[in-house]
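For reference, the structures are reproduced in the following blocks.
You will see two complexes here that share chain A, one where it goes with chain B and one where it goes with chain C.
Then we have the complex of A and B:
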């Protein structure tokens, strides 16, 4: 196919996309995002290919992005004309052959699908896709996707195509209404109308700060200068966060389309996507997507015959957390060391090479085509009042359903953790959740009814951040958690300014002392006052928000700090220097399992007699407590 | 001209001047460690922070970078400001226990070391103000030294922390270093050592004194197109 220049061309491309998106033959799709690959999805894909060749089966094999539920990886979907999409979870290599048997015979008696998709809403084309009802009778007991607790409360706007299209195939993106918003923007809207629509939508930046996107675009449009830039921030440096990675891997064109629309609105002709080098698949898929868009004339000169030209360069970052900060990112794009600078002159006025530069997060950009297709009002009706739309979160830590979820803002923490996340594993109780990564804070169990929106999280001493959500159970020590985040921040502080470089390090040392029984009276107050001054005195927002993990844990878990310092006890039983394992005489049956499993052989006792732990030798690894079937081992 | 108040005093400042220079021009002292008139400010030491308010919004800004603004109210000595400066000095005393300069500034401001802080042993007197790096880059024009590493491992030195090839031995970094961290040794016998590199010194044709590294003179000669021969006289004999 040649360049796409008219609506007719676009329709033709969409038609071509439909041929592989919903082929007239059986299609098998493997989720090969990083989360799938980690579970072995690529081997499964290769095995499927071999098996189909061996049996000479005419099956369309395809890769796709992530559906979000990590525990089901590798996820394989079988799509047959006239039948619901059937998703099989945990399809390891050895299950490929039985799965193919099943596909060939039409039975589903062996491997049970985890869920089925009978129909779905195509957000952009605004049509319901119905997959057909054949074999309805056989599907009894197999839940529909929107009946699964994990998906029930989700609304996938940014992730609309992840897990449905082949990210390496631009035609499938177009078949889902992709690039139609761009066509609309370039052919029938003025830049001002586009900015208005984004402003009406209430869209706020998904990269952490929550700055209103429409306002940012308008400032950049108004800024003086012939050459302007738009940039996509794909640095995503928070530990435990992988929302942006999944989007870049699973639906790169949604980001590119958003950027072209934004560039037109702002008046920019060059764009950059800044991705960390540790995301090789994201880099590869973006690269491919940019090339395909260029080939079809959706990037480059005179897009859709509008006279508007725009192109995108992909810049790989070295994976420093601080390079996600806007000024450091721009300095890094200039080819210099990624150090922040004071932002008294905004980057929308003086960014890359001192030219007006508009930076938005990956997810922010991916929302744009939907806003143009459905209108700002439609978007503003989703979510909460001052936090419209949805937010993607990566739900990790002590939670049953680890994964990527997209929910309307305003949903409560409780709904995310218990309904979607399925609660805390092993019957433990929920203690706190860390949002906003190292710049955010811990929110305690009492606040579980808190609505998740920019302002409520901020008031609770945390922040939205880019969407990492780390769930902690009652076996988590909050001082230890603060120490963990500070360990990260000590090595990620760029070192330019004193309060952050030296202050974060000294706070870490104090936390380390507290965890090791060397806490001193006055430490809590010292941490609090240091935290305030570091936040006040740091040059950039890394230092400005660095104290949050400590300040929020002191705010909500002060008693835990006090126990460490005053009583030299770790109430959660985590800090090794402060805990002691011992055996309860009345519960010990003398089975000897603990003695056998102890790695340092510090447990002794005769068979069927009470055993004891040699405290001098014990390394407090906790193995004995884990293996004792009689709950005879306690930790204090 | 813009009108603003600093510490309650009405002040007129030239458009485009920083809060720091506006304050200093009016005899209001703001402490700094990484500032130098001749170099672009970077705002890294954070000693010069001040509290500004306008339209009901109060925040802490860096006076060496922040530009004077009509109607701005500046407080150079508020509690918050003092707390930041105190912390900065305590942190620098812990980083560079040997630095007399830091200790003196702290003493002047009545700041004592924080006994809870861990003191470093391997940082010498370097407070990472980066004046040396900026001087080498923008005054000398050779960019022989730079910063590498992050956080606690950040360091000044030549590329890859080896002796910097581009260094001409002029010693500008030594003269500008506020703490005396950078060591330059002249052995009096025609050799100078700095940044792990040894230079042969030129002898003044008139008085015979070793007065400048040959590399520096040839750098100047190249830059100014003055023949090297004419540069072989020291400044006192010229």
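Then we have the complex of A and C:
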């Protein structure tokens, strides 16, 4: 197919996409995002290919992004024309052959599908996609996707295509209404109208800051200068967050389309996507997507015969957390060490090479095509009053249903952790949830009814951040978590300004001492006062928000700090210098596994007799507790 | 290491990027892609050919975590230190690797087989705790799995 220049061309491309999206034959899709690959999805895909060839089956095989429910990986979905889409979880290589048997015979007696999709709403085309109208009796017992607790409260706007389309096939993206918003924007809207629509939508920056996107675009449009840039921040550095990775891997065109629309509204002709070096698959998929868009004329000169030209360059980061900060990222794109600068002059006026530059996060860009298609008002009706729309969170840590969830803002923490996440594993109790990465804080269990939106999280001493939600149970030490974040920040502080470079280091030393039983009276107060000075005195957001992990844990878990300092005890049983492992005589069966696996051979005992730990030799690594099947080892 | 080869690699890479100063990071990434680290000689070539002070090149090479000025081992072990992994005991996993290999994080074993590094979140938080070995992700790693994982790689060498 040649360049797409008219609506008719776009319709033709969509038709081509439909041929592989809903082929007239059986289709099997494997989720091959990074999480799927780690679980063995690529081997499963190869095995499927081999098996189909061996049996001479005419089946369309396809790779997709992630559906978000990582506990089901490797996830394989089967679509037969006219029948509901069936998803099989944990399909390892050895289950491929039985699965194919089932597909051929039409039975579902062996491997049980985890869920089925009868129909779904196409957000952009505003139509219902029906997979199967008539539901056979045998399928009735299989839950529909939106009946699963994990998906029930979700609304997938940014993730609309992840797990459904092949990210390496631009036609499938177009078949889901992709690039139609761009056509609409270029053919029938003025830049001002686009910015108005984004402003009405109430969309706020999804990277964490929550700055109104429409206002940012307007300032950049108004800024003086012939050459302007738009940038996509894909340097997802917050540890514990991976929603942008999933989007870049699973639906790269949604980001590109958003950027072209934004560039037209702002008046930019060049764009950059800055991606983390740790995400090789995201880089590869984005690169391919940019090339495909260029080939079809959706990037390059005279897009849709509008006279508007725009192109995108992919820039790989090199492993520096501070480069997620907008000014540092721009300095890095210029090819320098990514140090931030003071923002007396905003980047929308003077960014890359001192030219007006508009930076938005991956998820923000991915929302733009939907806003143009459905209108700002539609978007503003979703979510909470000052935090409209949805937000993607990575729900991880001590929680049953791990994965990526996209929910309307304003939903409570309780709904996310208990209804969607299914609560805490092993009957442990929920202690806190960490949001906002190293800039955020820990929200305690008593605030479980807190609505999740930009302002409520801020008031609770944390922040939205890019969307990491790390759930902690009673075996997580809050002082250790604060120390962990400061260890992170010490090595990631760029060193340019003193409060951050020296202050963060000194706070780390104090926390380190507390965790090692050397805490002193007055340490808590010292941490609080230093935290305030660092927040006030630092140049960029990294230093400005660095004290949050300490201040929030002191605010909500002061008693835990006091136990470390005054009683030299770690109530959660984490800080090695303050804990002791021992064996419960009434539970130990004398199986000897702990003695065998102990790396320092400090456990002794006769077979079938109670074992004992030599406290002098024990390094408190916890391997014995990890391997004991009888819960006979306790830590105190 | 062959000095001539390094010089040639560096020169070719610089040419590939049209001596563009804004591409120094990409140039360094490509060179590291070839040698697994940044040879000192390559930095000098960049400085001379591109007319950038060596101190600038050195600044970039040391500012970003993914660059290494020391040769790395044949197998790269990266322990994820993201928050989700930390909560699931990543610190203990790092300790165990250090103990098994007899090196600290950031170091390479004497036989040149393994380099041990800590990395800031691999974005596989739902699979915590995670270790990446030569680009392959090992999910849900427990301390007790580590000797077995290492044995597999050591066995390969013997063959």
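Throughout what follows, the second predicted complex is superposed on the first by the 584 of 636 C-alpha atoms of A that agree within 3 Å, B and C clash if a C-alpha of one lies under 4 Å from a C-alpha of the other, contacts with A are read in each partner's own complex, and residues count from 1 in each chain.
One rule holds in what follows: a residue touches a chain if its C-beta (ideal position, glycine included) is under 8 Å from a C-beta of that chain, and two chains touch if they have at least 3 such contacts.
Computed from a predicted structure; not experimentally measured.
By the document's definition of touching, both partners, chain B and chain C, reach A:337. Once chain A of one complex is fitted onto chain A of the other, the partner contacts of A:492 extend to both chain B and chain C. With both structures placed on the common chain, the touch criterion links A:265 to neither chain B nor chain C.
Put simply, more of the residues of chain A are touched by C, taking chain B and chain C as the two choices. Shared-chain residue A:533: touches chain B; no touch with chain C.
By the touch criterion stated above, A:502 is placed in contact with chain B alone, chain C being left untouched. Applying the stated contact rule after C-alpha superposition, one finds that A:320 touches each of chain B and chain C. When the two complexes are superposed on chain A, the residues of chain A that touch both chain B and chain C are 320, 337, 492, 494. Of all the residues in chain A, the ones that touch chain B in their complex are 320, 322, 337, 341-342, 344, 490-499, 501-506, 509-510, 520, 522-523, 526, 529-530, 532-534, 536-539.
Contacts from chain A toward chain C in the complex involve residues 34-35, 37-39, 70-71, 236-242, 245, 276-280, 315-321, 332-338, 394, 396-398, 402-404, 434, 437, 468, 470, 472, 476, 481, 484-485, 488, 492, 494, 597, 599, 619, 621-623, 626-627. Taken in their complex, chain B has these residues touching chain A: 42-46, 49, 60-62, 65-67, 80, 83-84, 86-88, 91-92, 94-95, 114, 116-118, 127-128, 147, 149-154. The residues of chain C lying in touch with chain A in their complex are 20-26, 28-29, 56, 59-60, 63-67, 81-89, 92, 95-96, 99-100, 119-128, 130, 135, 137-139, 142-144.
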